[in-house]
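Heads up, there are several structures right after this.
There are two complexes below, and they share subunit A, which is joined by subunit B in the first and by subunit C in the second.
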Partner chain A sequence: MSQVALTSRGPDERESSQVRGGGRELTPLRRWIADAPAAYLLLLPVLALFAFAVVYPLIQTIILSFWDIKGLGKPKFYGFGNFVTLAQDANFRQAVVTTLTWTTCTTALSVGMGWAMALLCSMAPRQTLIPRVLIFAAFGVSEAVTGYVWIGIFRGDAGGLLNSLLGALGLGGLAHPWLGDAQTATWCLIAAYSWAQTGLPLLVIYAATQAISRNVIEAAYVDGASPLAIMRYIIAPLSMPGVRVALFINLLGSLRAFDTIYVLTGGGPVRSTETIGFFMYRESFTQFKLGYGAAATLILLAAVLIVSIPAIIQRTRTTT
Partner chain B sequence: MTTKLVPQAAAMTRRALMVGTSAIAMLLMGGQSFAADISGDLVLLDWAAGSEQDMIKALEDGFMKAYPNVHFKEINLTTQGDARGAIRAALQSGEKADLFVNTWPAFRKELADAGMLRDLGPLWDSAKIGDNLSDSWKALGSSDGKVYGVTYTFGDRSAMFYKTATMQKAGIDKQPTTWDEFVGNFKKLSAAGVTPIGIGAKVWSHTEWFESIYEHLNGVQKASDLAAHKIPWTDDSVKNTLKKWAELLKAGCCGTAEQMLAMDWNDAADSVLVAGNHGYQIIGMWVNNIAQTTDGLKEGVDYSIQQFPAMGAGHDNVSSVDSKEFSELTSGSNQAAADAFLAWVTTADAANIVAKAGLASPSNKVDSSLYGPVIKAATDAVAKGDVQFVLGDLLPGDLVDEYRVQLQKFLQDPSDANIDAVTAAIEAKAKTFD
Partner chain C sequence: MMGKAPRWVPIVTWIFAVVWIVPLLGVVMTSIRPPQDTVLGWWRLDHVQFTLDAWFKVWDKYKLGEGFWMSTKLAVIATLGTMILTPAAAYAFQFLRFPFRRTLLIIIINAFVLPQQVVVIPLFTLWRQMGLINNVLSVLIPYVGLSFAWSIFLVKNFLEDFPRELVEASKIDGCGPITTFFYVVLPNTLSSITAVGILQFLFCWNALLIPLLFLRTEAPLPVIFAQIAGTYDANWDLRAVAAILTTSVPLVIFLIFQRQFAGGALTSSGSKE
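So, the complex of A and B:
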């Protein structure tokens, strides 16, 4: 912001700011002091909001993580005890593994499907308008609502859509209580979540394909390239900026995912589908072990920062 | 025997009658004045949903009819599964309420220890609540010797719900009273395409079976000792209970572990009472209310209950019970109205509202003719036997969670080796609360 404020001035203006104060030329330090207040004044509301909504809760969470709190009992200072317990907690280790599986698969699937659909749609933009709108609409529907739809699909009895479809296809022997089996529940969740999250990558990547110069594509046609070759060698590589943005957004989203897991399995069976985010919810709000939950939250925050900081730095370098 | 009154005595009687009538009139007027003095907003924190919430609203309406200057405000928490987390969050975040609905004795103690509940002992005496509720209900609403809860409904948690059409389909004319008869009927039910027992193990309701078997094998005292961790979870009584439960599983009682773990208690209730895919379910009496109001079923005709079968271990006359109570929160600002409500909720008016909703009332003023056959059978069973509060609701903090999760692991693998592992895990967690 301050950069914008400084660079938005024209050369004449900059000169005049350098000679403010009775024609005397300003040193760089004095010029920074003279210019800074305006920039900080503009930033102040955002900084205040950020401090109130992000910094303060974060500090409270860090403080909380050093306390042993059980239910409504009196808190006891616990030092790094919560972090030590987390490291020894088999359920937390399981949650870390589930989070890695969940995040990798849902991001890869949702972005992969979105990318594939965006490439197809880019070949026939008008004809694919309605499907694009419908797929994106799924992204706009609450995860809790789509969760209940998926419960109807994965129901363990013959009334479940998937089981009844299998029955209709003569594959009734494959019918299964999908959400009650630790082996299948995670994959059902991944399928449900990825489906709902495909809309955004489709939209972002499709927009990237529409930014590709028509001249490049027309030149390829003139040179005799087939539609498949155009898609593979021109549209796909040039859509990569959109893919990177979609990967970043969906990765962060899947790290924080909660609603789908809550509605479909509640973290079960036997805690097998708990991600770190869900583990944090369970410990903090079901067990009310707020200190322990805060420690898990900080681990999740670290994971989010590890993912997001390099991506933000990379994006900042690209745009500047 | 007839008694002839002499004139003087008759005059005295007339005077006595007048004095008595005047006293009653004054008392009634005083009562009205008392009711008029009670006013303002009365805030209730609850987590009821559906038809149960309708019943609570009916109680509120009944109370406001008696105390027209009071206005109920409800803080209704929307939760799934165990509601304690949401209640703690609400209270910790500063929600203030006069009354609170509770069903967990361990949670009552947690709230009382945190200074959030009012001691209702003085009110119990001054409002003569004991005239309507027996001492056993007072004991049930107490923690560490102080009364904190006034029970307004209770349930027989050793009752097995079943659908009459399902039993007819399986050719079961008479409900089993012994364990052998019960297990023997599994073949008939399975042959009719019915899974004998519906266990919704997704969150917690699988523990009902452990608790009923435990109490019938070991008695209520031992169950109470286990809840208080006076005996370890690795005790033979626990292991033998799980082995008995494993016999049921091996007899094909309940489908696969995956099927049980995919079902919640309400899925199991639907499967037993509506779809008829499962034979029996042990669950709280609130299902009686749901079956009538939501599913449109006729109590005693479309469905009924059967007490848990006798196991012949000398403890067949036991019932696991649950209850719901109103407590007063210290954060509330209208103690007078809260006190009046707690006294009113034990009266005939309130008890009959509960009974009409298809639930059991602990009040001795309830008109028992309002009970349907299911509630009648449940209240009779509780009245004549030894009772033990639901074990899971007596366990503190996250021990209850460990208990539920470990019993889910038992369902996945009911082998002796896993029984050792499961009981050791619960014991390890229980030790952290000693």
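So, the complex of A and C:
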């Protein structure tokens, strides 16, 4: 019985268990726990901190979402009340709309621009080194600072670059308090965040293009393909793995974004630019409705899990 | 790329990159020109004059000095914490056999999708009950605890290429699992630990939400900056300096370690083939 179990796990395993058992074969149970004391000793601090900082808060957020907690008042069990209130709350519906617009637009713009730049750069790697670093540098700027940098573009007074530029082009009539208008503030945020996030797709997709085998490109060249045809039919399709990775990373980043919104618009004017990730902050920490904020957070978590399903499946499957 | 790329390719990328950098140029210019010259826009060149006044005055006006020290302290401690604890865990998951190994591993490495928003409400209540608000532990624990989700994945991935024979050989020579870790595996993981450290340092330095909620009296740099940046304060020159100072350290580290950053970010997001 134990012999069967051992051989089915491969020669490598049998060898090591014989070594540890000093030539004597271990029972499956003993082999299962052979390294347990050492392993748990090494893992102890990690498991403790992980439980403290991730597992406990996650479970507690789920529990809190069923309670009505306002400020320091006594918590009341509320069932699905928080979720019902969310569904009826005009501010939350606005936050859902903003989240959808924000997430799709920032991801599409940043990955789209990064992809376009990566393909262009792959045609002339040496001459485009400095442009690549410059675009990538914007990604290295702290997200809070990104918000401030773009206030300088959109501010409504004479020092705002966009309004002055419109004036210089003879389009002064289009000048606008961009951040003070609920219609345009979301687009200002999208522009700022996409600007900051383009660096990563550029880098990731550029790396994917550099991994393409030279032979394929040479063969096409020998067959007389023009640089643009090589781009269109070889490099662009083969850069897709990089594009998928960049899409996933930026999608996740946009959903959880907080810093740029906090600085650039603070969720305003009149709560029009709050995403769900910002709405929970507002409800829980400026109005101290902790249970309500927790319920909103769970909606955010659901959105995050939906976009992460492929990544989670892949990770779980490849884990050995 | 074979053949000559069309001439417009580098030209277009250069134009794109120059436009890209204009917003940052604006902040730098505002910080080194007298405020009265930039009221109508930092790009106006009617009076060209440079001054470092704002660079000296800003330290008195805002609490940047303390913020700088606080940011450094938090980022260094949290980075060291992650760098010290991660390799042991990654080694245990990769080379040791113990009950619930795979279950624990799957839970930890999939936690990387969790947004920080998910943990802040319960932690806030907990820290309030324990009296830890305004204590550095209130941010260090989540910084380090949240990092394991990606750091363990990154180092374990690296260890998958580590020859198992070496581990087996050290066992035959009589090393226990822990001795094997310290003498055989750990010295060979330094490159992946460096990548983990760089990522963690950048995340911790730039963190805003967690310290904003838990550190009210002695805040790190991004929190202090976020509070002065959003207000309609007229000190554009001083705030520009504060912006540069806030992002200077992470930006420099980021540009120096671009390669490690990219490799680390790719692996930790699960995209290494």
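Keep this in mind: the second predicted complex is superposed on the first by the 259 of 320 C-alpha atoms of A that agree within 3 Å, B and C clash if a C-alpha of one lies under 4 Å from a C-alpha of the other, contacts with A are read in each partner's own complex, and residues count from 1 in each chain.
Assume a contact is a pair of C-beta atoms (placed from the backbone, for glycine too) under 8 Å apart; a residue touches a chain by one contact, two chains touch by 3 or more.
In this text the structure is predicted, and so the values were computed from the model without any measurement.
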Looking at A:179 after the superposition, I want to know if it touches subunit B, subunit C, both of them or none. Which is it: first, second, both, neither?
first
Classify the contacts of A:124 with the two partner chains as first (subunit B alone), second (subunit C alone), both, or neither.
second
If we overlay the two complexes on their shared chain A, which of subunit B and subunit C does A:266 touch? Say first, second, both or neither.
both
Which holds for A:156: it touches subunit B only (first), subunit C only (second), both, or neither?
first
After superposing on the shared chain, does subunit C or subunit B touch more subunit A residues?
C
For A:73, is the partner it touches subunit B (first), subunit C (second), both, or none of the two (neither)?
first
Quick one: is A:275 in contact with subunit B, with subunit C, with both, or with neither? Answer first, second, both or neither.
neither
Go through the superposed model and pick first if A:287 touches only subunit B, second if only subunit C, both, or neither.
first
Who does A:82 touch here: subunit B (first), subunit C (second), both, or neither?
neither
Is there a shared patch on subunit A that both subunit B and subunit C touch, and which residues make it up?
262, 266, 285
Sites on subunit A touched by subunit C in the complex
12, 15-16, 19-20, 31-36, 38-43, 45-47, 49-50, 52-58, 60-61, 64, 117, 120-125, 127-128, 130-145, 147-153, 158-161, 164, 195, 198, 200, 203-204, 207, 217-218, 220-221, 226-228, 230, 241, 245, 248-249, 252, 255-256, 258-259, 262-264, 266, 277, 280-281, 284-285, 290, 293-294, 297, 300-301, 304-305, 308, 311-312, 314-316, 319-320
Which residues of subunit A touch subunit B once you look at their complex with the stated criterion?
70-73, 155-157, 176-181, 262, 266, 268-271, 285-289
Taking the complex as given, what residues does subunit C use to touch subunit A?
1-6, 9-10, 12-14, 16-18, 20-24, 26-27, 30, 38-43, 85-86, 88-89, 91-92, 96-99, 101-102, 104-111, 113-126, 141-142, 144-146, 148-149, 152-153, 164, 168, 171-172, 176-178, 181, 205-206, 208-209, 212-213, 222, 225-226, 229-230, 236, 239, 243, 246-247, 250-251, 254-255, 258, 262, 265-266, 269-271, 273
Residues of subunit B touching subunit A in the complex:
80-82, 84-86, 88-89, 91-92, 110-111, 113-114, 116, 202-203, 256-263, 271, 277, 396-398, 401, 405, 408-409, 412
